[in-house]
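Note that the chains are named A, B, C and D in the order they appear, and that numbering of residues resets to 1 at the start of each chain.
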Amino acid sequence: MPAADRPFAIGIDIGGSKVAAGVVTSSGELVDRRTLPTPTDRADAVEGAIVRLVADLSADHPVTAVGIGAAGWVDETRRIVRFSPHLAWRNEPLADRLAARLELPVVIDNDANAAAWGEYRFGAGQGCDTFAMITLGTGIGGGLVIDGEVHRGRWGVAGEWGHLCMVPDGQICPCGNRGCWEQYCSGEALRREARALAGTGSPMAVPLLELVGNDPEAIRGHHVTTAALNGDPACLEILCGVGEWLGRGLAGLAAILDPARFVIGGGVSEAGEVLLAPARTAFARHLTGRGFRPLAEVVAARLGNDAGLVGAADLARRAAQEPSPRA
Amino acid sequence: MPAADRPFAIGIDIGGSKVAAGVVTSSGELVDRRTLPTPTDRADAVEGAIVRLVADLSADHPVTAVGIGAAGWVDETRRIVRFSPHLAWRNEPLADRLAARLELPVVIDNDANAAAWGEYRFGAGQGCDTFAMITLGTGIGGGLVIDGEVHRGRWGVAGEWGHLCMVPDGQICPCGNRGCWEQYCSGEALRREARALAGTGSPMAVPLLELVGNDPEAIRGHHVTTAALNGDPACLEILCGVGEWLGRGLAGLAAILDPARFVIGGGVSEAGEVLLAPARTAFARHLTGRGFRPLAEVVAARLGNDAGLVGAADLARRAAQEPSPRA
Amino acid sequence: MPAADRPFAIGIDIGGSKVAAGVVTSSGELVDRRTLPTPTDRADAVEGAIVRLVADLSADHPVTAVGIGAAGWVDETRRIVRFSPHLAWRNEPLADRLAARLELPVVIDNDANAAAWGEYRFGAGQGCDTFAMITLGTGIGGGLVIDGEVHRGRWGVAGEWGHLCMVPDGQICPCGNRGCWEQYCSGEALRREARALAGTGSPMAVPLLELVGNDPEAIRGHHVTTAALNGDPACLEILCGVGEWLGRGLAGLAAILDPARFVIGGGVSEAGEVLLAPARTAFARHLTGRGFRPLAEVVAARLGNDAGLVGAADLARRAAQEPSPRA
Amino acid sequence: MPAADRPFAIGIDIGGSKVAAGVVTSSGELVDRRTLPTPTDRADAVEGAIVRLVADLSADHPVTAVGIGAAGWVDETRRIVRFSPHLAWRNEPLADRLAARLELPVVIDNDANAAAWGEYRFGAGQGCDTFAMITLGTGIGGGLVIDGEVHRGRWGVAGEWGHLCMVPDGQICPCGNRGCWEQYCSGEALRREARALAGTGSPMAVPLLELVGNDPEAIRGHHVTTAALNGDPACLEILCGVGEWLGRGLAGLAAILDPARFVIGGGVSEAGEVLLAPARTAFARHLTGRGFRPLAEVVAARLGNDAGLVGAADLARRAAQEPSPRA
């Protein structure tokens, strides 16, 4: 069956708790999906899960290629996982091994790159050839589209702006540096600030603590977002603070990249305008050259959790169609 | 005479004190040059100086196009100067006005973009399709080449990484923000640190003060560089400090852009390894993901003061040869 | 029995662990007392405890009124508890409910206001119509007497100087702000500093750790005071640091209020001159206009733990004697 | 002529450049006025100027008393100037000397106290028995009304909240301390921030520099206000920053005093909502116990430059009518 008759690509999103796979059309529709729990013990077990998911889905759908989005660093050829925080992969030639087992073209990409591509093709990045996507999860993921292509950098690791140093000698970061942006603007920042408040025994923390059975250790970023959206004043203040750091960081990215638009995704972005309004204010206040240049838009992502999966599928389809190895 | 018979392009570099013009071959050779003092009183006087320089040079050389590098912000079409710190231009349609007067194709570009392009084509950026050029003058200029093209951003103002905030509430910057990178890594930083030391009456400042007739107000960045190259310990320390900030900033740029190489130019870069060695050390220490990724090279620019002029000429030649408006 | 024949008032102090009640004469003598454990589960159980204590005491003594001092915020009418950190009260009309059950006039006041009044009438504030009382417990409580009256402010919440911001972006406080005075000058500050020292494994912390069975988590503020009074050098340093913050804060209060005297009470004040001597030094060093104005006295409270109870009783007696509702 | 037939009091405002005197009715109307330049060379020359102004005005109007508002510190009896920054007075028994020469009752008061009283009786403080007035001039002046009386403190120097320490080791203040509120929230703060920006050669400072003939040394606070009201973005940012510090300081005052209202006067307050809007936002964000208490109002003063003069006259009238020495 020629590629033209196989209209579907499979996108796979490897998360910390589950591996999600979906069948995606060339117009970005997700027509079928399956998930399996992420086997965290062995890297080859993850490979097995991917093979099973693809086998299941391709039994029902004619599939042309498989795209994988993974947290961590993928090399510039998009064939090797340099490093993944959740899994045991180190310089793993995952794409070639999977291609051999699946007998399908496979590409891998950083999950935030895949999400940026998904938003570019079918979501909040449409029509905007140069934009940056910021996914606010536990940390910050970044995907950069320049002139209609994902910019991956010389070694595949561009877009790691979550590790821009914003505060010399600031909060320590898992990357080993201090003061990284994602320490001030992420679910982790929400969690840390909220636990610090709760740890003081503050009455302001009472509504938040009720959400977590009065166990401060149970507070997660999403509890803060939920409470803020319910109008809890302390959580609104915390989100507003994170929004301000978001805007300050965007001002840095705009100084470097001058994108037309910033698309804000990830779990924290579910706070919507509670987050984006202070971010826009801080962005406009801290942008270098404000007054002598237009302001980039700051908008919410539109594809939600499916962005990475949809983007990965589309990147794989494009790679399979190209004569050259570049997507 | 057809373009093929007119092998030369003119590059022009508008500086704070002089306007330099040069005739450049397609292989980047500078075969003739003229300069005039920069008329700082009126913007149209600058235009007149450019016209005169081009007239003089094209009387002697068959010229195909004129490229202009200017400090300040040039719009994304490369025809309008949005804003220039030295001159009175505000949203000035300079390219079209000059093209009409010169009867030659004209493009304008930010001076650091032009220098980056010059280094890319004929200097320290050769063979490296994705790299960032950092010019350390009074402030920081930036030029970014991605996939063999200058990245100018949506509104022409990309590469302004001199205004990345490195220190919240730090030194005030002409851009109106505080803590910008260029406040810690530039000729201005050398000047400020050296004057501060001299202002304490420190015996460490004696050799530097001798260079400037014992007038602390006369200290400029280049005095610090000169003294450091002569082995003055205090000035070596100051340059080393600036080098460390250079490396910290490069780590931020690498997090975002993952370039293959950083090319360091501008007057401060004349300090050579005195500056670059501590920069490389700090870069390697602060790069996020160090150990899991290759280190970008940090090298000195090779074209010196001619980089902007040569790059501007080459950008103009390319633009004139292309059917489309993109260089 | 007319009021003149009922010379006693009952004062009640609601603490985190016990409810103390005492029978107080018009000259401030405490002639009888009872206590019950504080029921922390339900607010109405606290009410029940108060009713029982008053019933017991008034069976033995002819009582004219009941005054209650409570941690937390009492409204400007002294009838409603706006908020109490230890109890579940929120806008609770406690005074009217108790008055109905007790068939006696009842007033409520903030515990630090009651203590300030007690010291004013019968203790270290005597003869001083304008003074400020600072009670150093876990946090800071404040009571302000101006022209011989407690100053309660428009909504009853004056005197909360424990939440003056002394350090922008400093230690987080239960009030939701950062850098509040009470984070640097209180039992909590002693505890935090001492635990931080012990957490380093410092040999300086050994004597203190011996007091708490070598369990750093068991360190409380009073252990630091005890050790300091025993001559332990590390704890003396910590108390001296807290004393310096005390003096700095008093300088702020003096700038605003210009009181004749500061009376320092609460558990931390048991350190006596170990605390007050550095406080006076810092006060004299940081007072604005020092040299052009007399220095307010900084003295220890005299009524100890009874100040609140005695003050509450006296406030109740005064209110009952007045034709108007204001004490 | 009995006092009832002499309906006027004279108020005098001793400023750094002129001595203003006005005839004020019992309903706060200013029916006549005279000014003389302030003789800065000798203190007794100021006395002479006051005598002349009073003689001139009382020739035309039947006057019952004279009230004087002076920058600096007046003792608690309101008869002695402890210290005045502009003049050479040190513990000067000004009131008694003037009363003897003028043959009229005289009281002196701190100028901000007089202004607060003026606003209380006839301006933005009307109907509000407990409020604080903050006058933002070169520094911060403060006047505090509690229960319908000016609170002057034990030694007459209350209300000096301009010297609350907001930033440990911050900007140095003429009072000899560092980090005083007035260093961040005053005309001096506007001046310092604006000059710092202009000193960088920033293009953002161009419109402001045009107001002062391009001499950065000529910038005063009122230029910043003027430019901001004309829409200049840089000056708007500076005023917004000062407004935020205003709100932070008000949060401190509210923690201590719990006033019903803050009245903001002085030259900087001419910025109106440009200043007050960010002040209210910061106040609401930093107020301890926000959410559990009402927010005090933050409003602009209404009497402008006449507040001190009108207030001084009214204070003098009240003092003259009272049997006791208290106003």
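Rule of thumb we're sticking to: a residue touches a chain if its C-beta (ideal position, glycine included) is under 8 Å from a C-beta of that chain, and two chains touch if they have at least 3 such contacts.
Note that this is a predicted model, so its numbers are computed, not measured.
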Each chain counted as touching chain A and chain C at once: D
Furthest chain, CA centroid comparison against chain D: A
Cα superposition of chain B on its sequence copy chain D - rotation in ° rounded to nearest 5: 125
Separation of mean Cα positions, chain D and chain B [Å, integer]: 51
Rounded Å distance, chain B centre to chain C centre (Cα mean): 64
Distance from chain B to chain A - Cα centre to Cα centre, in angstrom: 35
Shared interface positions of chain A, touching two or more other chains: 203-204, 237, 290, 292
Overall pattern in which the protein chains touch one another (line/ring/star/complete/other): other
Which pairs of chains touch, using the document's own definition: A-B, A-C, A-D, B-D, C-D
Complex contact set, residues of chain B against chain D: 83, 85, 172-176
Chain B contact footprint on chain A (complex, rising order): 73, 82-83, 130, 142, 144, 146-147, 149, 151-168, 175-177, 180, 248, 251-253, 255-260, 286, 288-290, 292-294, 296
List of chain D residues in touch with chain A within their complex: 203-204, 233, 237, 285, 290-292
For the chain A and chain C complex, residues of the former touching the latter: 196-197, 199-204, 234, 237
